[in-house]
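Pasting a structure below so you can have a look.
As written, the chains take the letters A, B, C and D, and residue 1 is the first residue of each chain.
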Amino acid sequence: MKKLINGAEDVLAESLVGLAAAHPELRVDHANRIVYRAEPKPHGTVAILSGGGSGHEPLHAGYVGFGMLDAAVCGEIFTSPTPDQIALATKTVDTGAGVLHLVKNYTGDVMNFDMATELAGGIAVATVIIADDVAVEDSTYTAGRRGTGVTVLLEKIVGAAAEQGRDLAELAALARRVAGSGRSMGMALTSATLPASGKPNFDLGDAEIEVGVGIHGEPGRRRVPLGSAREIAAMLVEPILADYTFGGEPAVVMLNGMGATPLIELYVMFGEVSALLEKAGVRVARSLVGNYITSLDMAGCSVTVLRADDELLGLWDAPVSTPALRWGV
Amino acid sequence: MRDAPAISYEQLLNWLRFIDEGLIEQRGFLTELDAAIGDGDHGTNLARGAGAASSKVDAEQPEYLDELFKLVGMTLVSSVGGASGPLYGTFFLRLATGVGHRQELTPEQLADGLEAGLGGVVERGKPEPGDKTMYDAMAPAVRAFRAGISSGDVASASRSAADAAAEGRNATADMVARKGRASYLGDRSVGHIDPGAASVALMFEALAAALA
Amino acid sequence: MKKLINGAEDVLAESLVGLAAAHPELRVDHANRIVYRAEPKPHGTVAILSGGGSGHEPLHAGYVGFGMLDAAVCGEIFTSPTPDQIALATKTVDTGAGVLHLVKNYTGDVMNFDMATELAGGIAVATVIIADDVAVEDSTYTAGRRGTGVTVLLEKIVGAAAEQGRDLAELAALARRVAGSGRSMGMALTSATLPASGKPNFDLGDAEIEVGVGIHGEPGRRRVPLGSAREIAAMLVEPILADYTFGGEPAVVMLNGMGATPLIELYVMFGEVSALLEKAGVRVARSLVGNYITSLDMAGCSVTVLRADDELLGLWDAPVSTPALRWGV
Amino acid sequence: MRDAPAISYEQLLNWLRFIDEGLIEQRGFLTELDAAIGDGDHGTNLARGAGAASSKVDAEQPEYLDELFKLVGMTLVSSVGGASGPLYGTFFLRLATGVGHRQELTPEQLADGLEAGLGGVVERGKPEPGDKTMYDAMAPAVRAFRAGISSGDVASASRSAADAAAEGRNATADMVARKGRASYLGDRSVGHIDPGAASVALMFEALAAALA
């Protein structure tokens, strides 16, 4: 394992030290691994909180700031945070108008956020679960779909709406609508290596890829021979289009890198993906190309398509000022 | 069996110690199981939790067993995270309520406690038999313990609980996962032991050792 | 070689297709591999042009836009662009006030930009060479130091000054001052693999790193055992501090990822680097942590420290709107 | 040697063709040399340039040798990039001027042309002997060609030029690079052949084959 770290146990804590040093506009609670805006929201405004396992940077801490999250709760690498961390963050960001929890659909995340809500008694909490990964069959008898790329777009859009002063119920409804209108699909060229384990989670041959991976270094749905960018784009876009009708509506499209894939390749992939989408009648109105929700040092990418409308595009375009997404301010 | 000898505080403290030791030993193994069909952190998660729980117990030295198990459960909840934190945490919190405010337990009281703990896991995770989770090792183990104390002593009951857990653990290899991360793999989860079932087997092995 | 590409020969062309699709605010000349702002500068304003080999994304095309570059000329991967490309871009961006060429100090880049200036006869061109890499001994008898991380900071600062309407001589003087006040040092955990060659340029053992690498997948000055983040930070910061006096002036510090290193590790490194700098009396006034000047799929990082002052910080903070750097607008 | 048979247009066209073929063959080798002490693109760069030059020559079929070499030089400048684009491009542009507006050359005229080309490389890159660059193969080859034609025919002169280039190429292995990317390696560049010197050797090997 070759990583720029000190001890394997210290990665999260020390990355937060670096984050705090790089971003004076954030306040880091090192003991509890919570990242807040240094400048809290005005009283009576709903706060937006997210969190999850670490190793997906810039998600979530990189999205704390004006127009997006009020706080991010950081779990250990690939491990959801604990209820007391989440409850503390919830209490801290509440300005009296309640707190919206944005939770990626993983058993651990859902359970820990649930327990946190019980602990944060007295504060109005609404929870929206994100489950956008079409690689996983949707079923009420299973853990269901994973929350992946839509999380980034959702945090931006709902964060913008919160700045407008909308109330908790409106924001939760908006978040559910966004969560319902986006789909993602990912693939890996290599597995991630957790610092604590020191070995790749799975081994891929020199000419193999995993299709349908999530963001936790887990194996995907199937292993297929390495194809061209064009073929891989089709493997990602087709299941997304098969799962949801994007119609002629404008779409926000993210071509996300898993952490170790260079930007030049992501742009090659975006060219292929946007061509496929346009061919299918999906109008790419806004786009993001880069590392936005990663899986440590995994090489690979994922595609996220969100059906939008004028309201969502307006919220997308609204000012945002976070370490990883910034415009208009 | 009437008048069975009581299970002492010390024996149950040993249980926790043996779990801790077992996790230090099997941490890599559990993580490898999790790497194959999950995200490769199960051993790390539990080792962190057990370490935190031991320190807490050493520091606070609770007098009663319900306090002991509650402290363990709370510490697991607040230090493990992931799926196993709430599940094991809830197990110990319910075990605490199940055994009551006591300094030693009858075999029945321990069986009640284990059943309450199992009930907590079911409530939290909604696992069904055959979903390929920790439940598939825990449920047979708890059943075997209850059956064991009606026909033998706690030593043999906990031995058969450990054996049932191991059998349950092994049986998860043939299952298609429907809960937890392994469910994302669908059929590809077959052929791999569930890491949570493996840590449950470890926990009951530790119990057998403590009550031997 | 596992890459998200179609043919090895098509990587650059196809990445520009993706860039054009993702960024309607840019105009891409696909035949000549030049990226322009879609909205050119007002008449009579000096244009800022840079370029070089590809494989360093987001450099340079990702820095085209308001407040930074007017155009980026893209060479093949790790190969400087040709004189006619550069000359065409120069003619296109000139609004009558002349064009400033920002050139990283590589033999090929310098020669091709020189020939381009001859070809662009009639247009006032000033050229500033960037040579900030302390891994290389400075000498008039050799190719001299490489241009690396300072390029990013320079393009931002001089781009902001150009928007203010400063003339060519002033901008060239400013650029020389910035180029002279910054230093960089890099290291690699793995080598880059060029698509056309299909193999890593050099092989590193599991417990070895290259210290003093540049951004072209070339081996570094020395190979040493893999150390901790703290040790590696010292290997990068010490030669920078030994080479230049940063005094008590405010500094702009970049902790740059080489392409395949996850952000969580870059933040760990930034924590170490900023601690070392503060200990040495260097005041970190602004910072950048992320992949800003990369070397394809190389894992590793580089540190850049620029001595600033109020003027430079003001230009740093000025609005910028490019794919890779954006704030204030 | 008076009255030496003229060097024909076709022979010089063959030279270009042999360079092209040699580059297709040695592309990987040149790139490997460059990967070791540079950035691993030298073979790719020259193969791209030679391919572009061949297409241009086929399409335009220039009648005179100066037009031919100018076209090659211009195409190399505009299609290669990197350090070798301007250097080889300038070499052929100066070769064009050096041989003059002719359809066949005397050996002296070719020697003049090669010397002019070498002069262009020196002007462009400022290489000094021993800097471990293409110059260290090109300079001895050009010298050997001039010496060869005064004592023998073009076939033997071009043969000894090719041998001198090969020797110059091999000698670069012992040098510490002071120009080009290899200079960044300092002493670590020792033990490796300079890729540009290797492509020069290929170019003179092609000349020997064309004039054999």
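Rule of thumb we're sticking to: contacts are C-beta pairs under 8 Å (C-beta built on N, C-alpha and C of every residue); 3 or more make two chains touch, one makes a residue touch a chain.
Just so you know, these numbers come straight off a predicted model, no measurement behind them.
Peer 1: What chains touch chain C and also chain D?
Peer 2: Touches both chain C and chain D: nothing.
Peer 1: Enumerate, in label order, the chains that touch chain A and chain D alike.
Peer 2: The common neighbours are C.
Peer 1: Just how far, in Å, is the C-alpha centre of chain D from the one of chain B?
Peer 2: 75
Peer 1: How big is the gap, in whole Å, between where the Cα atoms of chain A centre and where those of chain B centre?
Peer 2: 32
Peer 1: Can you work out the whole-Å distance between the CA centroids of chain B and chain C?
Peer 2: Here chain B and chain C have centroids separated by 55 Å.
Peer 1: Rounded to a whole Å, what is the gap between the Cα centroids of chain A and chain C?
Peer 2: Here chain A and chain C have centroids separated by 29 Å.
Peer 1: Pull out every residue in chain C that's touching 2 or more other chains.
Peer 2: Residues 77 of chain C each touch two or more of the other chains.
Peer 1: For a test of understanding, state which residues of chain C touch chain A in their complex under the given definition.
Peer 2: Counting only chain C, the residues touching chain A are 2-6, 11-12, 14-19, 21-22, 54-55, 57-58, 62, 77, 189-190, 206-207, 209, 226, 228-230, 232, 255, 259-272, 274-275, 284, 287-289, 291, 294, 296-297, 299-301, 321, 323, 326-329.
Peer 1: Enumerate the contact residues on chain D facing chain C in the complex.
Peer 2: The touching residues are 28, 31-32, 35-41, 44-45, 48, 77-87, 124-125, 128, 178-181, 183-186, 188.
Peer 1: Inside the complex, what are the residues of chain C that reach chain D?
Peer 2: By the definition above, chain C touches chain D via 53, 75-85, 106-108, 111-112, 114-115, 135-137, 141-143, 146, 194, 196-197, 199, 201-202, 212, 214, 216-219, 221-222.
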